[in-house]
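These notes open a run of structures that come right after.
In what comes next, chain A is part of two complexes: it sits with chain B in the first one and with chain C in the second one.
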Partner chain A sequence: MSAIDIRGLGKHYAGTDVLRQVDLTIDEGEFIVLVGPSGCGKSTLLRIIAGLEDISEGELYIGGLLSNAVKARARNVAMVFQSYALYPHMTVEENIGFALKVAGLSKAERHRRVRDVARSLGLENLLQRKPKALSGGQRQRVAIGRAIVRHPKVFLMDEPLSNLDAKLRVEMRAEMRALHSRLGVTTVYVTHDQVEALTLGTRVAVLRPIGESGNTNVQQFATPTELFERPHNVFVAGFMGSPPMNILLARLVRRGGALEISMGDIVIALPQAMQSQALADAAGRADGYIVIGVRPADIGVAPPGGVAFNTRITDMEMLGDHSSVSFSARTPAVPFDFDFTAKDVYTSLLGGSSLTKISARLEGRLRLRANDEVSLAIDPARIYFFDAQTGLALGNP
Partner chain B sequence: MNVLSAARRSGKAHLGLREALLSNAVAYLFLAPALLFFVVFQAGPLITTIVLSFYEGGILSGFSYSGFDNYLTLWSDREFYQTIKFTLLYFVIIVPSVLAVSLAMAVLLNDKFIRGKNFFKAAIFFPSLAPMVTLSTLWLFMIFPNVGLINMLLAVVNVREVEWLSSPLMATLTIVLVELWRGVGFYMVIFLAGLVAIPEELYEAAELDGAGPIRQFWSITLPQLRPTITFCLIMAVIFNFQLFDAVYMITGGGPGGSTESIAWYIFSNAFKYDQLGLASATSTLLLLAVMSITAVLLKVLPSDR
Partner chain C sequence: MTSASRTLLLRHRPALNRQVSRLPIYIGVTIIAVLVLYPFVFMLSTALRESTILRFSPWDLVPSDVTLANFHRLFSDTSMLNWLGNSMFVATTTALLKVGIDSLAGYAFARLQFKFKELIFLLLIAAMMVPPAVTIVPRFLLLRDIGLINTPWALILPHLSYPLGVFLMRQAMATIPYELEEAAKLDGCSVFTIYWRIVLPLVAPALAVVVITTFMYQWVDLLWPVVAITNDGLKTVTVGISSMKAEQSRADWGLIMAANTCAMIPIGMLFVFCQRYFMTGMTSGSLK
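Showing the complex of A and B:
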């Protein structure tokens, strides 16, 4: 039995859709991350699961029970808020023990469970402090303590690390993973940070703000590896990964028996093995346009004798064991959140600038400077192909 | 060289002082209206009252120094004790009830599901703006025997006619009712301001912790409203110890002097019996009483969330 089952869920405020046709099945013990840019409905979806927002349409099952009309306090879910929402007038002990007090547990039992949780989170010495006397990281632990002390069926976390500094965030990510593997409670975690999503989630749902004609917010619901390696569409490809994927409008042309990708002055021949039917079909179309994606790490300095192109470096950052370099291609960029459902895709794409900045992550300690001419190569096997009409993936690596 | 530089320095210092005086003079000029207002209408009367409390007589009969005689007179005046008794009785009824009712109204009107909130807020706040003379006259019409609206409504539900002002208890309750009606709007607005400042997420967290509306009220709303409650309590203490206009308009201190308040006693002595010295002594005691209670409340009650 799944822990949470969301079927055809929709939410609208005053006629504006925030969520549309959301279907997610979350298994017992999974750590699910909802990720997406601002306005994609991830927090709304989390609040709906919590019972803090009504459902406009569709069904929500928690532990197999239809929960659309079940009050938040009866759902046995716990939530860690972005602001932590600790009760300012209560001590750490009272904050953690509040739910147990409401549930009518004896003082001794409350005391025991609060102490256990405090010990596991390193809060034993802070139990008599009020939240205002705690640091950000300590408050965050109290918020987690308040959630776990009740042994809920589901943990909901709404960007719990976003108020912490970068170093503490990395530490807390590791603690979150450890906590989840120790407790094994189904967790739904909301973030806009794709690094958090990839590092924490057993599965990740990538959400997108719903447009006029979008069918659903959920762009892909898969494991981090799958999202990274086989993105369903341009949105997922561009959103997941840091630094982000270079996404360009290119032309697929058949020269002799072989297919070539033409990005203005950069032309890459595709090996025979990669020439799938989908690509052949795309090349056969009158316009021959295709959207391609290349991750910065998949561009390298050309090996002697390899398939390469010459370009001039426009910017360069030395980052220790690797360098981040930029160069330009004479072809339009495709924004990751481009609306492919719009009527005239090419007019929008070709109407913009035709000079696109491409980022590459070059390994090793290179002595390159801006304006240097360099010979680079893109591994054709690492190029992602998307339909230029729909933005959907075409036989990706 | 040293002498020269010292002279230069002192010249500069003189110039600085003159400039400072000049700029301060401008500042005092700007302050003057407020200062004048404070001296004439606040500090002046306060000091005069305290000074006059050591004098016998009034404006018509003239003043003569009497030391602590006025205070000794008050000490043995049964009528004064009666006014304290009434004021305290009124005080212990009005303060909790006006705060409880206004808090209840504020909590109700802060609920997002209530419709027409602005109308209710305006309607409840309106009596706070109207002069007491108007309000009291309106109430006198409403509680008029036989033809008063309230008795007529009571007759509809077969309750026999209530003699609103004929007994000390009913007269006291009538004053409480009118003051309650006047005060609720004022405190409600302050409570509403306190309520909207409570983060919604605290209620959401409490909801997820299993707390229902009543538990949320006791565990979140009340503790979070502590500073507002403290403020309202102190305001209520200050306002209600000075009860006068409702007594003047509705009962005239009756029946049999049972609703004479301390402020009424001060007014009667000062302007009816030309005993301004005695009235000043009473005012000084009232001031001390209000200050002491306020100081105790500020000390005892928490002022932060």
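Showing the complex of A and C:
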């Protein structure tokens, strides 16, 4: 039995769809991350699971029980809020034990469970403090303690790390992972940070704001590796990964029986194994255009004698053991959130700027400067192809 | 002047200038303080003199022979204790009932969704604009018709309808982040538990303001108790003191001032006790 089953879920506010046709099945003990840009409905979906928002359409099952009309207090779910929402008039001990008090547990039992949780989170010395006397990290721990002390069926976390500084965030990520593997409770975690999504989630749902003709918010629901290596569409490809994937409009050109990708002055011949009929058909439907994606790490300095192209560096950042380099290609960029449901999408892209900045992550300590001419190479096997009319993936690597 | 003392003087000059520039403020504040305190000192001074001394200079504030005779007479010859008891019952009951009703109504207006909420709230605010004196006659007729005139409820019930407390409570509760209430919902709280255990403790300063202002209003009110209470045994302290003057051919100022002094004690104690909350409540909402 799945821990949470969401079927055809929709949410409207004053005639505007925030969520449409959301289907997610979350198994017992999974750590699910809902990720997406602002307005994609990830927090709304979390609040619906918590019972803090009504459902406009569809069904929500928690532990196999239809929960659309079940009140928040009866769902046995615990939530960690972005602002932590600690009760300011209560001490840490009272905050953590409040749910147990409301549930009518004896003082001794409350005391025992609060002490156990405090010990596991390193809060033992802070139990008599009020929230205002705690640091951000300590408050965050109290909020987690308040959630776990109840032994809920599901943990819900709404961007719990977003108020912490970068260093503490990395530490807390590790603690979250350890906590989840120790407790094994099904967790649904919301973030807009794709690094958090990739590092924490056993599976990740990438959500997108619903457009006028979008069918659903969920763009892909898969493991982090699958999302990174086999993105379903341009949106997922562009959103997941740091630095983000370079996504460009290119032409698929047949030269002497072989297929080549032409991005203005950069031309890359495709190996025989990659010259699929699906690729040629997709390009044929879009006047020879195709969308390609290349991750910065898949661009490298050309090995001697390899297939390469010459370009001029426009910007360069030396970052120790690697360099972040930019150069330009004479072809339009495709924004990751481009609306492929509009008509004549590739022609609208052609109407924009045709000079695109491409980022590359070059390994090693290179002595390059802006305006230097370099010979770079892209491994054709690492290029992602997308249909220029739909934005959907075409047999990606 | 040595260079060291010159350096010291230069270092202290900004502080000195600041003190001098604030002098008009200090003088102004002192004048206001004297104007406010003078009546109290005069009252105490009169209460501690022999009543036979009818006239004395307004500047002669320290009596040559301090006596508690007026206080002795006050508690032996008048019904002061009874009046104080009546006032205490009326003011305390009104304050407690009012803080309960106003906080519930304020919570409903701040957080619950119901039909015509905004319109009802607007009408409540509009009711605040009506001077209480205008409603004295209809209030009297209504209470007479339901048989409450000459009972303590004639003093308690009308004040409960005054909407300022509802407004204060609503404003204070509206500043509480929704997430706290949502967290409480997930912790298993019902709407009433959220109100009782989360919201009320967080608006304690506003509660204190409602309690103190209600208590004070009821304690010092004279006009309505004079209209609503004619039974001697139910007189409040203000009505009692005012009757002391009316009942005697010649006002016994020593006795009256002793009564005033006693009447002030509960209010003073309440204010001192709740001052911290009161001051926080008066400024709550002014800063984020």
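What we mean here is this: the second predicted complex is superposed on the first by the 392 of 397 C-alpha atoms of A that agree within 3 Å, B and C clash if a C-alpha of one lies under 4 Å from a C-alpha of the other, contacts with A are read in each partner's own complex, and residues count from 1 in each chain.
Here is the rule we go by: a residue touches a chain if its C-beta (ideal position, glycine included) is under 8 Å from a C-beta of that chain, and two chains touch if they have at least 3 such contacts.
The shown structure was predicted, so the numbers you read here are calculated from the model rather than taken from an experiment.
Enquirer: Do chain B and chain C fit side by side on chain A in the superposed arrangement, or is it a clash?
Expert: Here the two partners, once superposed via chain A, clash with each other.
Enquirer: Could you tell me if A:S375 is touching chain B, chain C, both of them or neither one (first, second, both, neither)?
Expert: Neither partner.
Enquirer: Between chain B (first) and chain C (second), which, if any, makes contact with A:A99: first, second, both or neither?
Expert: It touches chain B and chain C both.
Enquirer: Can A:P88 be said to touch chain B (first), chain C (second), both, or neither?
Expert: both
Enquirer: Of the residues on chain A, which ones does chain B touch that chain C also touches?
Expert: After superposing on chain A, chain A residues 50-52, 71-73, 77-79, 81, 83, 85-89, 98-99, 102-103, 146, 150 contact both chain B and chain C.
Enquirer: Considering only the defined contacts, which chain A positions touch chain C in the complex?
Expert: Contacts found on chain A: 50-52, 71-73, 75, 77-79, 81, 83, 85-89, 98-99, 102-103, 146, 150.
Enquirer: So in the complex, which bits of chain A are touching chain B?
Expert: Chain A reaches chain B through residues 50-52, 71-73, 77-79, 81, 83, 85-90, 98-99, 102-103, 146, 150.
Enquirer: State the interface residues of chain C toward chain A in the complex, per the touch definition above.
Expert: Spelled out, the residues of chain C in touch with chain A are 177, 179-180, 182-190, 193, 197-198, 201-202.
Enquirer: Which of the residues in chain B end up touching chain A in this complex?
Expert: Residues of chain B touching chain A: 199, 201-202, 204-212, 215, 219-220, 223-224, 226, 305.
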